[in-house]
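Across the two complexes that follow, chain A remains constant while its partner is chain B and subsequently chain C.
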Partner chain A sequence: MEIRGRCWKFGDNIPTDKIVRTDMIFKPWSEILKHVLESCNPEFPAKVKPGDIVVAGKHFGQSSGRAIAAKAMKQTKVGCIIAESFARTFYRNGFEIGMPLLECPGITAQVSDGDILRVEIESGKIVNEKTGGEFEAKPTPPFLLDMLKAGGLIAMADRLAGEG
Partner chain B sequence: MGKAFAEKVLARAAGLSDVRPGEIVDVYPDLYMSHMASWRCIRTLEKMGTDKLYDPERIAMVMDHISPARIAKTADDQRLCREFAVRKGINKFYDVEAGIAHVVLMEAGHIRPGMVVIGTDSHSTIYGALGALGTGVGFSEITAAWVTGKLWMKVPESIKVIIEGPLARGTSSKDVMLKLIGDLTADGATYCSVEFHGSYVERLSISDRMTLCNLAMELGAKNAFVRPDEITRSYLGERGVPPGQYTEIHPDPDPVYVKSVTIDGRSLVPQIACPHTVDNVKPIDQVAGTKVNQVFVGSCANAKYEDLVEAARILKGRKIAPGVRLLVSPASKEIVARTVKDGTYSILLEAGALITNPGCSACAGDGGVMADGEVTLSTANRNFQGRMGSYNAEIYLGSPAVAAATAVRGVITDPREFL
Partner chain C sequence: MNMVEKILARASGRKAVTPGEVVVANVDCLLLHDLSGYLTAKVFEEQVKRPMRYPERVVMIFDHHFSPPNEEQAVLLQQNRGFARRHGIHLFDCGNGNTHHVGVQNGFIRPGTVVVGSDSHTPIHGTLGCFATGLGNDSHAGTVMPFGKAWFRVPEAIQVRLTGRHKPGVTPRDVVQWLIGTIGEGGAIYKALEFTGPYIHELGVWDRWLFPMITVDVGAKCGYIEPDEKTIAFVRSLTDRPFDPVTGDRDSTYEAVWDWEISDLEPQVTCPPTVGYVKPIGAAAGAPIQWAELGGHGGGRIEDIRMAAQILRNRKVAPEVKFNLVPSSRAVFTQAIREGLVELLHEAGATWFPASTGSNQAINMGAMAADETMISTHARNFPGRNGSPEAKMYLASALTVAASAVKGCVADPREFLS
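After this line comes the complex of A and B, so read on.
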């Protein structure tokens, strides 16, 4: 699975409340998508394009475990999220809905907004086409790659339930 | 080398003799808690096209976060859960009057030492107060567990937090945790199991243990743990759960901890988490005098019986400052009943409090929101922007004693002035 897209860079410790504001939770997607991460970068909701790549600092998606934060990121159609580290509930929720996530400590110092990045999810190889820099993300456990390929947890659990 | 609590309890729940930090295992949790998100679990189950549940006795549902319903959609979602519970024979179903899921399930005796509990709420770390491993997951993962009975988990590394007591005058378990979160920062324990040790924790009340374990989430922890003891056994005994109905799991004497931190409670001063992050913590003298519009005593962190009694101790015979709103949302129906019985409820009312039904209330944005430019001093566990109404409002976090003192003066106030 290879993804190539423009980089949107964010800082450390971004809470789910900033990915989707609490007062937006019950709004339709069309409304939610106008506000995703807006307090971190007001341009993001309007200008993010399918296949773009979000790069964040430490502990992305902290705070509440609400799955809507990961879903909103998927709804923006970004190709993947690379972070120095993720909050554990966000990490679970991401794979659960089939959103590729990579952990790559030190990555935020190596990329800038607008750089074109090329990412190979299985191997974790990240290339910054602008600078030529190459980086290795932490390997993703094979069963999570299977979950991504199946389209998420429920698709996979369905299969497991069928076997049981 | 010995094993930490998390390694032992996950090995047990995975049916393995030995697991190590970093290893990924399939765990069979003993309880799957879902709150307001239960209707999403049911809808997901419908999409899976299966009707077969692994074990209905392991399913617990509590209708919190928004209670009672404010719009027809929520009423419809809650009806779906109610009817599902009857149809599927889910005995651990608690309706809108019960209170906050975590506290309700602990009071009902459903959380026991040595259990693995997953919940659709990040503050599921609270179950460590009774020696269980509690951790938050998304609602689809709960649905998958309903069907398959299992969940993937990475065995966490463990952090040892040693709290030396007794605590200094005017401080509480909340101040201990705010100090710890300020010191370690919001990602200080990401993916880790946090074990609380030290003289303060021994013989500590279950209420204070809940506050410790609840707030461990704000360090990024996967779970938290206080060693079960006589206090734990007596709490459960009073709830009809004798020691024969559970197996305590204790860490070995010599586990490997990735980090060990000591907090000296004897020299602690009241702490405040300032806007807009929980780790922006300052000693109270640096923010005392800040004007507030609202004080909120609520949430799974600090709206337990002992917390309300602590607030009432300061509010007794006093009135809240003119123009300030004091919102009190007890964590459970049982707590409301106790405060009515012993007069705490009347003290709060007479001081000028608005006492809501038990539940998450303002902490979940369910009422008690703020207008632009307003400030709330809250006993809850989060102060992120936009969590309580306007994006241009501020939330400060503190203990129940700080909340009460602040309500009386109308500005952030050191509770030691009243003690």
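After this line comes the complex of A and C, so read on.
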């Protein structure tokens, strides 16, 4: 699975509350999407395009375990999220809803906002077309790649529970 | 194997598991609160569309609401009630207390079991010797509700050994906050933290409880304390349902062992804007506050209410401060009444709220304007959780929160203890 898109860069320790504000969680997607990550970059909600790539620092998606933060990122149609590291609930939720995530320590120093990145999810290969830099993300566990291929957890639940 | 590995092995029908392996394990208890419950219910009924296999293992607690403040919220709670009725799960309606306390007090949490919940502080139940962790809506709706199972990657474990005795005016809560500051936000991503050492084992169960609570904020998957006689006696006092406690093997391996002696610690304050900004009280004292609260999952225990009373006996809350008291469960409020603490704190100028989660996320109370500041026993202080994103939140022990309520600014409780 290859993704090519424009890079949006964010800092360390971004909590789920900044991805989707608490007062937004029961609103329709159309409302939520106007505010995703807005307090970190006010341009993001209006200008993010399908296939763009979010690059974040350490511990992205910390705090609440609500899948709505991962779901909102998927709704923006970004192609994938690369972070130095993820909060474990965000990481888990991402794959469960079929959203590819890659962990690549050191990546934030190698890319800037607006660079065009090319990412190969299975191998974890990341290319910055602007600088020519090439990076290797940590390998994704095969179990999670499987889940991604199935389209998320619910699609493979029977098989997982041994009842499929 | 350590405790978590043994529990996961047993629950997944294996002889042994090793860190990094993915297992599918039986889940003994799923805790949902009024917000996460609503989101999970939607996924279960709209996308999964299957019967609930073990409704007796699923518990929903309305804790962010103690009473709906508007029609929208009233409808949300109605929908949750309908869901609970349709599927026959346990429901604890408004006024019972916060999720985790209600789960424990009603005997749903027993040593040796697997506990999951959408609240990210679910690892708190590692206090009673459970493997407990927070999962997302899709895990709960997709595999826990229809099959009673969930997938887990077996975590690497780190042992946190604490020794020493805290000084007067310092409480287990201060030790916990210091630990978050020391380990750092994201300092233990994905690990299982075993809390042990003489300091931990001398504490009562409700004081131990504060330690696994923090694991999510340092990024860990779970935290736990191996069950001892205190744990067993505590759980037996709440339920007669059987349980089979598990402790780690003598030769369990840990990725690291962190040893700390805590006798020199001062009271600690977590400063805005995130849980990692922890300072000794001297560095934060003097900052003006308008709100103080004992509540959230970090506070509102009877221990916290007693500490507040210790400070407020013969003193008054400062006129510019609103001091909110939120018992963590009905049982705690009953106890506070018996001990005369309800009257004492009421007369001192504090305001009692119904048993709930308090103003965490300001769903039902506790919103602030941009220039306001609160000090509380909550678990978190991220901006925007209490009204304006510019409002500030300090976190501290009940002693420090009460002392600050008296002084009108962040205050060292030792000034009031002699």
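Just so it is clear, the second predicted complex is superposed on the first by the 157 of 164 C-alpha atoms of A that agree within 3 Å, B and C clash if a C-alpha of one lies under 4 Å from a C-alpha of the other, contacts with A are read in each partner's own complex, and residues count from 1 in each chain.
Quick note on the criterion: a residue touches a chain if its C-beta (ideal position, glycine included) is under 8 Å from a C-beta of that chain, and two chains touch if they have at least 3 such contacts.
Please read all numbers here as calculations on a predicted model, not as lab measurements.
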Field: Superposed partners chain B and chain C on chain A - clash or fit
entry: clash
Message: With both complexes superposed on chain A, which partner does A:Ser39 reach: first (chain B), second (chain C), both or neither?
response: both
Message: Is A:Gly65 touching anything from chain B or chain C once the two structures are fitted on A? First, second, both or neither.
response: both
- request: Could you say whether A:Leu153 touches chain B, chain C, both of them, or neither, answering first, second, both or neither?
  value: both
Message: Quick check on the superposed pair: does A:Met1 touch chain B, chain C, both, or neither? Answer first, second, both or neither.
response: neither
- prompt: What is the shared patch of chain A, the residues that chain B and chain C both contact?
  reply: 12-13, 15, 17-18, 21-22, 26, 39, 58-59, 62-67, 70, 85, 87-89, 92-93, 96-97, 141, 143, 152-154, 157, 160-161
Query: So in the complex, which bits of chain C are touching chain A?
result: 22, 24, 35-36, 38-39, 43, 47-48, 72, 76, 118-120, 122, 134-139, 141-143, 146-147, 149, 151, 153, 185-186, 189-190, 216-217, 219, 221, 274, 276, 361-362, 380, 382-385, 389
Footprint of chain A on chain B - complex, ascending: 24, 44, 47-50, 52, 73, 120-122, 136-141, 143-144, 147-148, 152, 185-187, 190-191, 220, 222, 277, 365, 382, 384-387, 389, 391
- request: Could you please specify the touching residues of chain A with respect to chain C in the complex?
  value: 12-13, 15, 17-18, 21-22, 25-26, 39, 58-59, 62-68, 70, 85-89, 92-93, 96-97, 141, 143, 152-154, 157, 160-163
- prompt: What residues of chain A sit close enough to touch chain B in their complex?
  reply: 12-13, 15, 17-18, 21-23, 26, 39, 58-59, 62-67, 70, 85, 87-89, 92-93, 96-97, 141, 143, 152-154, 157-158, 160-161, 164
